[in-house]
Amino acid sequence: MQTTFTPEQLTDPGIQRSNEILRTCVHCGFCTATCPTYQVLGDELDSPRGRIYLIKDMLENERTPDEKTVKHIDRCLSCLACMSTCPSGVHYMHLVDHAREYIEQKYKRSWSDRALRWILAQILPYPTRFRLALLGAKAGRPFAFLMPDARLKAMLEMAPKTIPPVSRNDDPQTFTPEAPKKMRVTLMTGCAQKALNTDINDATIRLLRRLGAEVVVAEGAGCCGALTHHMGKTKESHATAAKNIKAWHKEMEGEGLDAIVINTSGCGTTVKDYGHMFRNEPLAKEAAAVAGIAKDISEVLIELLPKGAPEFKSGGTETLTVAYHAACSLQHGQQIKTYPKDLLKRAGFKVVEPADSHLCCGSAGTYNLMQPEISKQLKKRKVDTLEAKNPDIIAAGNIGCMMQIGGATEIPIMHTVELLDWATGGPQPPAMTAEGKRAPEVPILR
Amino acid sequence: MTPRTETELAEAIASAKAPLRIIGGGTRPIGMPVAGEVVSTSALSGVELYEPGALTIVAKAGTPIAEIETALDAENQRLAFEPMDHRGLLGTTGDPTIGGVVAANVSGPRRIQAGACRDHMLGVRFVDGAGTILKNGGRVMKNVTGYDLVKLLTGSYGTLGVLSEVSLKVLPKTDTQATLMIHGLDYPQAVKAMSAALGSPYEVSAAAHMPDMGQGAMTMLRIEGFEKSVAYRTDQLKAELAAFGEISVEADPVKSAKIWTASRDVAGFHKVEGDVWRISVKPTDGATLATKLGTDKLFMDWGGGLIWVVLPKGTDLRAKMNGTPGHATLMRADEPTRATLGTFHPELAPIAKISAGLRAKFDPRGILNPGLMA
Amino acid sequence: MEMPAPNATILSKKAKIVERLQSVLPKDAVIYDEAETRAYECDGLSAYRCPPLAAVLPASTEEVSAVLKICHEEGVPVVPRGSGTSLAGGALPTADSVILGVARLNDVIETDYENRVIKVQTGRTNLSVTGAVEEEDFFYAPDPSSQLACAIAGNIAMNSGGAHCLKYGVTTNNLLGVTLVMMDGTITELGGAHMDAGGLDLLGLICGSEGQLGVVTEATLRILRKPEGARPVLMGFDDNEVAGACVADIIKAGVLPVAIEFMDRPCIEATEAFAGAGYPMCEALLIVEVEGSDAEIDEQLGLIMQIARKHNPVELRESKSAEESAKIWLGRKSAFGAMGQINDYMCLDGTIPVSSLPYVLKRISEMSKDYGLDVANVFHAGDGNMHPLILFDANKPGDLELCEALGADILRLCVEVGGCLTGEHGVGIEKRDLMVDQFAPADLENQMAVKDVFDPQWLLNPAKVFPLEASEARRAMALAAE
């Protein structure tokens, strides 16, 4: 596609990258077909191609973003289905990230918008603050109907009824392997996930140890920065990301690391992009090194659990149908499409997939809080298509999706690693044995 | 008048002072009778271009079908839409022409699989009512350049223009064929069986049903292709349709072909007295309508979507259809009956307005087969 | 590309027009802010752009009718738009026009397996029509390359084809009925679930009329049972002419493949670099696909390979499994993406008689040298539908004009050898001024007379299909008559 940036504009590395991306787009429109918001809204402006156009216009003319442009870009889930679909390899992710940063710098949002974003940025990346907020929200839930702002109401409704106690497994430490050592990895314990659900990290650690991995929880690592990154708050996101880069790089330089294991695919997509995020900063080399060994848990497990691995215990799993929900960050962001399904099949489960499995469930980080209307429609579609397959269990590789889907179905939902842990000798996932059926608006996590 | 060239044809039309009756071989007197001087295209004859490797043939409109078929036969190809020969049913004589086939959009049993005449049309040259020589389409298989007047002219019975040359897509002949016959089904069962066959992956190229006219009701399905493939698909289909009843197979390709020539030409009604109607409906509606008509002088083709029926003189079939979506053409009846009932199905008001508008543009003086499509 | 001067009267009453449109549509269905209309300024042919006066997104036939009625009364041109994937600029707006997008009309109205038809709203994408019936092993046959995204509305407007039309035909051969909204808002039906609409074949006329005769909101389409299987064979040749002869021999032999795809050397090189499908480096590559049961496929492929061997192929690779088939198709399916990686491109789609293939390829390669622009060829060889992709740099001044001139020369060549300007993309804006090379003035006049009947004021999809001079004269005449 033709662009009209001036040579001066192109000296800016951000513009330079965006120009490269825009030049590969041929405006064919394939991306519209798999874009969830276009499916719901049917407006070119709410499709990747429309957003690319809005971004191009804004950047070329150095326009102060207007309310409508911001509205359409805010509606993007960053699910990156468009990148899976694009025949020309347009890197939409870097383009929309650039646009969000530009908007954050040049656009003055309404008071309530700013407040909401500030609150989220101040709470979610910090597990302790988030835990306290969840406890507060739990208390506030009965009053949700009083909330004037739909988004604040959505926040209250999202809070699970049960908040797990802090897991000491998430503290910095080293877990020795329980089988002959095959690798040394660090587990990214995350931020929001460990406040909402401690079963996932517990299961991951058990499973990795059982399969011969030494697991380090590195001192100083925390939130990946995705949350603020997607709000365009570059300073904040880079600050938290830098901590991770330093912490993990120290481990790499020290005893060495074979992989940085991430079991929240939303975070994985961001960590794998650290090299690009820091390409013009002093930490560039370290960031690229860290990004180079960042792996989703399923990538590591596919190595550790070959077909017919002796660790798989027979019995129990064959009778269960697992509907695999592909998190967008995993299938589109990281292009990992088959590993989790392959692993579940190897473990003996009958694996099914919902129709339109490429479509986002509407969780998308904080999207369900910021865009509750669109999010709700996508949630309904996802839950309907999942339930149509009559599964016993729903499995996913991302806590955000688990919260979103779990809140709208009575079918228990759990992380893929919890099932694999169980199938290789670990305890049955708590969500499967959760006492009775909960009220459907509350995710059955534990 | 029998112009020998396209130019002569154009001159004849340009200088005409009164309505003209346009004919090719004169074997298909369908529609309202037209009073006017006869213009025959029979002298505009001959295959202009035939490229077997490109699956295309171009011929002047008056070329006899027999000549086209001979040419195609030599290269083991055919007109896949299997045009019907109307002579037996309509009691006419003469040589059917390719122009006549196109002007009446004549297709046969293979229409359900390969498409109608209009689906094989690539291009036309014609002379409009003002005497202007025009062309549309061409001789290549894929062409979306400009409006598709080729389709519009096909089946327009010479009311928009007089065809002078047509180009068509042709297809390879198949090696062999066989016919499956299911015995003793009533209309709804027959349509169910034909739907199952046409909805199978075994590429049924024709599906027709004959009620009990003395030899028992028979539902017929044709399979064409390479020998082994025909055998395989016949077996598969036989197994799949076993629940419908007794099934026999005519595996002799010559005998099988005879069945379909007879079906194509509706041979069963050639000597039957009464008005002949041709009805196009969706197959499941065909089953309902056939049952309601309660006659055994009825023949179903196209999986039940095409019904030929003989009714007592003057019967208003369209009233009996009672709004069933589709259309019915009175194909054979005396002039008073045609005048009373109309030959072509009445159109919705907005469509009738468009049709009239188009005729006024193509034939401003209203001299080309005026009133034929009423 | 020259666009008509916008009508100042229309521009001046934008506020009134928007207000009237808002009175019949939901709030978010009328787009008029300049920041937003820009996203509707072009379709898949981004070389030509012009933001519309407004864009509307009706969600029912009645809303479409209401919009058209208002535009008819106000004398505002309307540009119907499916998914905006046209490569011919078929949905390019004018500054004084309203874009009528059908994306929100995307429901399946009825699936009927017994009668083998599906009725859909036309904003539904081509592939999702198949998606709606594939659980029962049925499919909708026409498969344009953009089938993932393109709408049935656009397919009908352009009479879209695809790789498999050698066997299954194009849109017009698979369309049984439509709900049509005329420019004055009148809603009517053509055809239905039965075969062959009665009276004049207006359905055949509407299909391929590029949105200039009416807006199609619902369509009844034929669906077919999926074949038991399909497998391709890949063959490479050191000479275009030999590859062309091989295609003709296969067709003459009586085998009817579902697809015969052809790629030339520049195209093979580009797709190999992008997708790495393992194609041989040669002058011409053919992918021939047949369908049926395994045994039937074996028999047909055997025959095809026997013919191919007589032409001394440099490579002959028969697919034995789904993976191998996917590998063979991978490069072909990545061809356009691969070109996009190299540069901007313009994709033409003139059709030629298959017999003139070697001559046309030779001439294209000479023209490419003369113009100094690379051209890659990938096309449906069974039906002679070429797809020359001309590579150019949209950011380099003068390159687009050079590309246009080369494109025009290639299309004139197609006409000269007995072919046509466009086989499946449509005339749109791109080829309208070349129509005089294919049609005599009287032929064009005849086609324009058809539009006079459906849309006397010439409001629907202005400045397309016919040379601008001719269509503008028509509009002026209509205005004067009022």
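Every chain is named by a letter (A, B and C) in the order it is written, and numbering of its residues begins at 1.
Note that in this section a contact is a pair of C-beta atoms (placed from the backbone, for glycine too) under 8 Å apart; a residue touches a chain by one contact, two chains touch by 3 or more.
What you see is a predicted model; the values in this text were computed from it and never measured.
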Original post:
Which chain lies the greatest distance away from chain C when centres are computed from Cα atoms alone?
Top reply: A
Original post:
Any idea which chain sits dead centre by C-alpha averages?
Top reply: C
Subject >> Interchain centroid distance [CA atoms averaged], chain B/chain C, Å >> reply: 29
Original post:
Centre to centre, by mean C-alpha position, how many angstrom separate chain A and chain B?
Top reply: 61
Original post:
How big is the gap, in whole Å, between where the Cα atoms of chain A centre and where those of chain C centre?
Top reply: 38
**OP:** Mind listing the chain B positions that touch chain C in their complex?
**Re:** 51-56, 75-76, 105, 107, 111-112, 115-116, 118-119, 128, 132-136, 138-152, 154-156, 160, 171-175, 191-192, 195, 198-201, 203, 225-226, 228-229, 232-233, 280-285, 302, 305-306, 325-327, 329, 344-345, 347-348, 350-351, 354-355, 357-358, 361-362, 373
Subject >> chain C residues within the chain A interface of the complex >> reply: 28, 31, 33, 35-36, 38-47, 55, 57, 59, 83-85, 101, 103-104, 106, 123, 125, 127, 146, 148-150, 334, 336-337, 340-341, 344-345, 394-395
Original post:
Touching chain B in the complex: which residues of chain C?
Top reply: 112-117, 137-138, 158-159, 161, 165-166, 169-170, 172-173, 182, 186, 188-190, 192-205, 207-209, 225-228, 247-249, 251-256, 292-293, 295-296, 299-300, 351-355, 380, 383-385, 418-427, 431, 435, 438-440, 442-444, 446-447, 449-454, 465
Original post:
Which chain A residues qualify as touching chain C in the complex?
Top reply: 1-3, 23-34, 38, 41-45, 49-50, 53-54, 57, 66, 68-69, 72, 85-89
